[in-house]
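Please see the structure below; I have some questions.
Order of writing sets the chain letters: A, B, C, D, E and F. Residues in each chain are counted from 1.
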Amino acid sequence: MAGLTDDRVKSGIQGLDEMIEGGFPSGFCYAVVAGPGAGKTIFGSQFLYRGITDYGENGLYITLEEPPYSIANSMMRFGWNLYELENREKLALVDASPIKTLQRSQYVIKAGLGNEEFSIDGLLGVVAEAKRKIGAKRCVVDSLTALSIQYRDEFEGRQQTLKLVKALTEMRLTTLLLAEASEESVDIQRFGAVDFLAQGVIYLHIYRVRDSVIRALEVRKMRGTKKVDKLCPYAFTDSGIAVYPQETVFR
Amino acid sequence: MAGLTDDRVKSGIQGLDEMIEGGFPSGFCYAVVAGPGAGKTIFGSQFLYRGITDYGENGLYITLEEPPYSIANSMMRFGWNLYELENREKLALVDASPIKTLQRSQYVIKAGLGNEEFSIDGLLGVVAEAKRKIGAKRCVVDSLTALSIQYRDEFEGRQQTLKLVKALTEMRLTTLLLAEASEESVDIQRFGAVDFLAQGVIYLHIYRVRDSVIRALEVRKMRGTKKVDKLCPYAFTDSGIAVYPQETVFR
Amino acid sequence: MAGLTDDRVKSGIQGLDEMIEGGFPSGFCYAVVAGPGAGKTIFGSQFLYRGITDYGENGLYITLEEPPYSIANSMMRFGWNLYELENREKLALVDASPIKTLQRSQYVIKAGLGNEEFSIDGLLGVVAEAKRKIGAKRCVVDSLTALSIQYRDEFEGRQQTLKLVKALTEMRLTTLLLAEASEESVDIQRFGAVDFLAQGVIYLHIYRVRDSVIRALEVRKMRGTKKVDKLCPYAFTDSGIAVYPQETVFR
Amino acid sequence: MAGLTDDRVKSGIQGLDEMIEGGFPSGFCYAVVAGPGAGKTIFGSQFLYRGITDYGENGLYITLEEPPYSIANSMMRFGWNLYELENREKLALVDASPIKTLQRSQYVIKAGLGNEEFSIDGLLGVVAEAKRKIGAKRCVVDSLTALSIQYRDEFEGRQQTLKLVKALTEMRLTTLLLAEASEESVDIQRFGAVDFLAQGVIYLHIYRVRDSVIRALEVRKMRGTKKVDKLCPYAFTDSGIAVYPQETVFR
Amino acid sequence: MAGLTDDRVKSGIQGLDEMIEGGFPSGFCYAVVAGPGAGKTIFGSQFLYRGITDYGENGLYITLEEPPYSIANSMMRFGWNLYELENREKLALVDASPIKTLQRSQYVIKAGLGNEEFSIDGLLGVVAEAKRKIGAKRCVVDSLTALSIQYRDEFEGRQQTLKLVKALTEMRLTTLLLAEASEESVDIQRFGAVDFLAQGVIYLHIYRVRDSVIRALEVRKMRGTKKVDKLCPYAFTDSGIAVYPQETVFR
Amino acid sequence: MAGLTDDRVKSGIQGLDEMIEGGFPSGFCYAVVAGPGAGKTIFGSQFLYRGITDYGENGLYITLEEPPYSIANSMMRFGWNLYELENREKLALVDASPIKTLQRSQYVIKAGLGNEEFSIDGLLGVVAEAKRKIGAKRCVVDSLTALSIQYRDEFEGRQQTLKLVKALTEMRLTTLLLAEASEESVDIQRFGAVDFLAQGVIYLHIYRVRDSVIRALEVRKMRGTKKVDKLCPYAFTDSGIAVYPQETVFR
C-alpha cells in the first residue's frame, strides 16, 4: 500500500513536482481547472510530451474540442512535434473533435462531439485500443467542459462524465482532466462528477493587476500528499509552462 | 435523559473535543462541510482510526466517491493502516464507489454510485450487516454531495438523503456526514435534508491571504452543547488534523 | 378590539418582552428566522417551558425535524425537563419527525415528514387533539423549512405551509414558526406563505467579527406594536437565551 | 384634461403631499414597495382613515393576507377604529384573507386566498358591490405579493395581477398597491404587471446603520408630477406615519 | 448611401443632438433604457411633440401600458397637448393599453395587452393604417417591457418583439423603443431581440448620492455616429428633458 | 506543420498584429467579445475591408442582425464603401438579417433570422456558394448572439452554433465571431460552443471612470501564439479602430 503512495508520476511541468511530493500519485485522475487563455492545452501537452521524452511513459491525448492538427500546430512553438511522436507510436492523438479535417488521424472517433451518434462508449473503445497499442501510462482529456454541449440535460452530462472518469481510473491511467472555468469563479462544484473522482485539483489563476496579468498556479487538493499550499507564479517559457514555488505572487 | 447529554463520543481530532464539551453527543449525525482540499476525508478517517485505536469503538467508512484502496492509500502518510484495521474486523470499508477495482473488499455494494441499480436500500442493507458483524459505533459518509449525481431531480435527491441520514440515526451510529461546499459559500441550506437532521455542523474554512492559505475550523452548531464560538486555526500534522482553540486565525 | 392589543403573551425570553410592548399579541403566528446554530430550537423550547412554568400556559411542540427525545435531550443543559412536563400534561411533543425511535411519544404522526403518506391534515388532526387534551395556548413549529423537503414543487409547498399557518391561527394559538435562513441573507421573501401570515418577524443574526461571533436579535416586524428597532445582542446563558436591549452590538 | 392633473387626492401621510405637488393624481394605482416591518399596512390604513375623516372620501381595504380584525386591531394603537368606520358605511373591509374567523365581515370573499376556488373575478364582484354601496373613492390592496401564492406559474400570476389593477383603474379608484420587497433589493421589476400600470412608485427603505435602523421614504416615480427627488426620513408617530421632507437621511 | 448617414432626425431633447452628430440616423429603431422614474415616457413624448411642432414630422405613440389619456395628462405639465395634436392629425395615439376608458381614441387595438386575443399583427395593422393616415415619420413604443407580460415563454416573447421591431424598421419609421431596466443593472442583454436590432442605445441612469438623486444620460451605442462617450447630466425642466453635455456628473 | 504557425492573417486593426505575433493563425475562428457600443461591427468590417484593400484577401460578411445596407451605411464614416467592394466581387454581404429591405443583395437567405424556416444549413449553402464565387479567405459572423433568438432551447442553440463554427473551420476561413457580452461580465463560458472551437478570444472592454469611458482591448487567448498579455487602450479614429500596445489603460 505505502508503496503506492511513493509511486509518483512526474508532471513534466518545471517546478510543479516539488510542490506535490515528487509528482502525481500514479493511476488516478486530476482536474486542471482554468479560464480561457490560462494554458490548459499547453499544460496537458507538456505533461504528455515530457512523459514520453524524459520519462519513457507513453500517452493518450483525447481531444473533444479542436482537431489534433491544430493542437499539434500550437505546440510547435515549444518545439514539441506531437505528430512525430505519434508516428513513433509513443503518443496517440484520439480525435473526438467535432471538426473533420483532411489529416487522417489513426485514432478517430467516427462520430465526434456534437454528432448525435457520439457516445462515451464509442470513445472508450478507441481509447482502450490506443492504450493497448502503445502501452500508454498517461492520458489527457481536453476538455471535460466540451462534453456539456453533447447532453441536453445536466444529469445525463454528469452521468456520462462519471462513466468516462470511472473508465480511465479503472484503466489505471494517470490522467489530467482539463476543465474550463468561468473567469469569475473557478468553482469546483460545477464539474459535477469530476470533483469527487479527481484525486487532485490544480487551479491556474489569472489575476489582472492594473494593465497587466499575473498567472498563479494553486494546488488546491492532492490526495495522500503533503502539498505546498501557497499560490505560485507560473509563466510560459520557450520550453512550456514553468512554475516558481520559491517566488511570491503578491508582495 | 440527562445521562445522554453526558454520553460523549471523542472526536479523535486533537483540540476539537474541548470546543464541544468533550465530544459529539452520542448517536446522532454531524455535518462536516468544507471545500475541496480542506481535508474532509482526513477528518473522517481520523475520527474512525482514533475511535478504534484510542477508544475501542469500531467504525464504518461508507465511501460513495473513491474506492477504498485510494482512501486507505492516502491515509498511509499519517501511518493509518485502514486495511489492517479491516482485517482485524474493527473497521468496515463499505464500498459504494463507482470505481471497480481488483482489490476485493468485504463490503461492496454490487451496484455502486452512478449505476442505475444503485439504491439507498441496497446500501443500507450492507451497512446494517457490516455494523452487526463488527459492532460499529461510529460511521463516516464520504460524501453526501456524491449522492447528488445519482438523482435526476433535486427532490428525489433530498428524499434519498433523508432516508440515509434517518436510517443511520435510527441505528444510533455517531456519524460524520462529509459534505462538499463550494468555495464561495459554505451554505448549509444547500444540503437539503442534512442540515436539519444533523445535530451539529462543523465548517472547515480555507481563507486565502495574499499568497498563502489559512485554515480555520468553526463549530457552527452543536445541539445540547455549550460550544466554543470562535474560529480556530487547524493544520495538517504528521498525525492528522490538529485544531488550536487557544490560537487566533486573524490578528 | 382594543382589548386584544393589550392581551400579550410573555415570550419567556429574558429582555425580549420589553422590546415588544410586553409580549406577543395573543393568538397569532410569529416567524423566528435564523441560520444554523443561532438557537432557534432553544428559543422555541424556552417560549414553551417558561410559558408553562412561569405563566401557566400549556404548549405544543410540533417537531418536523429531530425526534422529541433529541430535543428534550438538548434542553437538559438548561435544566428544562420537557418529558416531565409532558407527563404532567402541560406540554405535548407532537412528533412528525422522520426519525422513528424506541421512545413512545403520546402524539406521534404515523407518517412523519419524508414519508409520502405525510399530510398537513394528518398533522393538524393530532395537533387539534393534543390542544384539546391539554388546553394549549402556545405552539412552536420546528421547523417550517423542513416542510420544503416534503413537496416536489414550490407552489405545493407554499400552499401546504399556508394551510398549516392558517389552521394554527384559526385555533388562536400563539405560535412561533421557526424558519431556517441561509447564512448569507435572512430574506423573509423565501418563506412564501409565512411572511404575510406572520404578525411578526424576529431575526437572530450571527455576525463574524474577526475570529469571534456576535449574536444579535432584531425585531423586524411586530404588528400593532411599538417595537424597539435596534439590533440587540443576545447570548446563551445557563437559563437559556437572554437579550440585552440596553447594550449595543457594534461600537 | 389639464384639470385632471390638478385633481389631487390627499395622501393623509403627514409631509408626503408636499413632495408630490399636493397629492396623488386622482383615479390611478400607486405601488408602495417595502420590506417587512416598514409599515405598509399602516401606510395603507392611514391613507384610508385620513381620507374618510379629513377629506370625506370613503375607502375600500382589500385584504389578501391577515383577516380584517387583526388589521383593525393593529391600527387601534393609532386610535384608528376601522370597524366603527365600517359600521358608519364609510369604510369597507373586503376580506379575501385565507384566515376564517368568527367576526362576520360584511364583505367576505367566500373562497379566500389559498382556496382553489379563489378568483380575481369573484373578488372584483365583491369590490364593485362594496364600492357602489359606500361610494368609495379610495382603495388599498394588501398585498399584491400575496397573490403570488395563488398561482402556480408566474405568467398566470402576472395576468391575474394585471386584471385586478386594470379593473381598479377602470373603476377610477385611487388605489395603493402594497407590495412586499425583499430586503436586498426593492426592485420594481419583480412586480410584473404592477410597475407599468402604476402611475407612481413609493419606496419605504430601511437602512441599518450600526445597531439602529433608519427609515426613508422615496418617491421613485409619480406621473405628471414634479416630485421631490430626495430620500426623506419617516417615522412612526402616535398618529401614524410622518415624513420629513425638510430633513436629511444621511449626513 | 453616404447620404443616408447625413440624414438625421432631430431628437427634440435639448442638448442630445450635439452628442450624436446632429440627431438619430433616420429610419431605424433606438432603445431608451431606464429604470422607473427616469422619464422614459417624457423622453418619448418630447421626441414626438418636438418632431411635430419644431420639425414638421408627424408621429405615432404606441402605448402598451397606460391609456392615452393618462399619458396626455401627464404631459400637460410641460404644456404639451397631445390630444390637440391628434385632432390636427399630426399625432396618432395607438392605444394597445390593457385599460379600457371612456375616451374614445381613433386608433384603438380591440384586444389590448393582457387580452389573449392581443397580437402583434393586430397591432401592426392599426399602426400601418395610422402611419398612412397622418404620414408619420417618427414612432415611440411605450414600452417593450410590457410585452413580456403577454407571452408565457421567453422565446415567444423574443420572437414577437423581433417581429414588431422588424416591422417598424421596414416601415422606415425612426422609432424610440422605451424599455424598463431594473435599477441594479441596465443590462441591454435582457432585451432579447431589441439590443441587436436597435441601431442605438441610450441609457438614463439614476444615481443616488447620499439623500439626493443624480440623473445622467449615456449614449452607449449609436451606429454610424461619432458620439460623445461621457455621461452627461440631465434634468426635468418646464419644457421637458434637457441634457447638459458640457457639464460633469461626478466631480 | 510549423509552416502553419507562421501562416498569419493580418488583422487590419492598427496595433493589433504586433500583439499576436503578426496576425491570426490562418484558417480558424476567433471570438471578439464585447458589450454594446464597443465597436464589434466596426472591428469586423475593418478586418474584411483591410483584408481586401491591403492584403488582397476577399471576405464574407454574414449578417444575422441588421440588414447589409445599414452596416454599409455605418461604415461610410470611415470611407469604407462595402457595396462598391461587393460590386467588384471582393466582398460578399450574406444577408440573414430578419429585416427585409428594398436593396436587393446578391446573397440573401430567403428565410432570415426570426423566420421559422431559417436554418444553419440554408445559411451555409449560401455561404459556400459566395465563398466559391469570390474565393473568400476571411469571414465575419455578426453576431453569434443573434442566433440565441432562433432557438427555443439552449441545447439546440449550442448545437446549431457548433454546426456553424464547425463548418466555417472546415472551409478553412479565418473567421471573426462577433459576440455580444453583457456589460457586467465578458464571460466566455456563456458562448457555449464558441469558446472551445475558437482558437482565440479578444475582449473589447469598456470601463467607466467617473464621467468618461475608457476602451481597452485584451487578447485573452490565442492558440499557438506568444501574445501580449496586457490590456491595451483602443480608440475609434477616422480610419477605424486603432490599438495602442505601447500605452497603458490605468495609471
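Just so it is clear, a contact is a pair of C-beta atoms (placed from the backbone, for glycine too) under 8 Å apart; a residue touches a chain by one contact, two chains touch by 3 or more.
None of the values given here were measured: they were computed from a predicted structure.
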Angle of rotation relating chain E to chain F [CA atoms, steps of 5 degrees]: 60
Task: Same or different, please, for the chain D to chain E contact, judged on whether over half of the interface numbers appear on both copies.
output: different
Interchain centroid distance [CA atoms averaged], chain B/chain F, Å: 52
- line: Whole-angstrom distance, CA centroid of chain C to CA centroid of chain D, is 30
Separation of chain C from chain F, taking each centre as the mean of its C-alpha atoms, in whole Å: 60
Message: Using the touch definition from the top, which residues of chain B touch two or more other chains?
response: none
Query: So what shape is it, when you link every pair of chains that touch: line, ring, star, complete or other?
result: ring
Field: Circular arrangement of chains, read from chain A onward through chain F
entry: A, F, E, D, C, B
- prompt: Which residues of chain B touch chain C in the complex?
  reply: 1-2, 4-5, 25, 28, 153, 155, 158-159, 162-163, 166, 169-170, 185, 187-189, 192-193, 195-197, 199, 201, 219-226, 229-232, 248-250
Query: Mind pulling up the chain B residues that touch chain A in the complex?
result: 35-37, 41, 65-66, 69-70, 72-77, 81, 83, 98-101, 114, 143, 145-146, 149, 151-152, 180, 182-184, 208, 210-213, 236
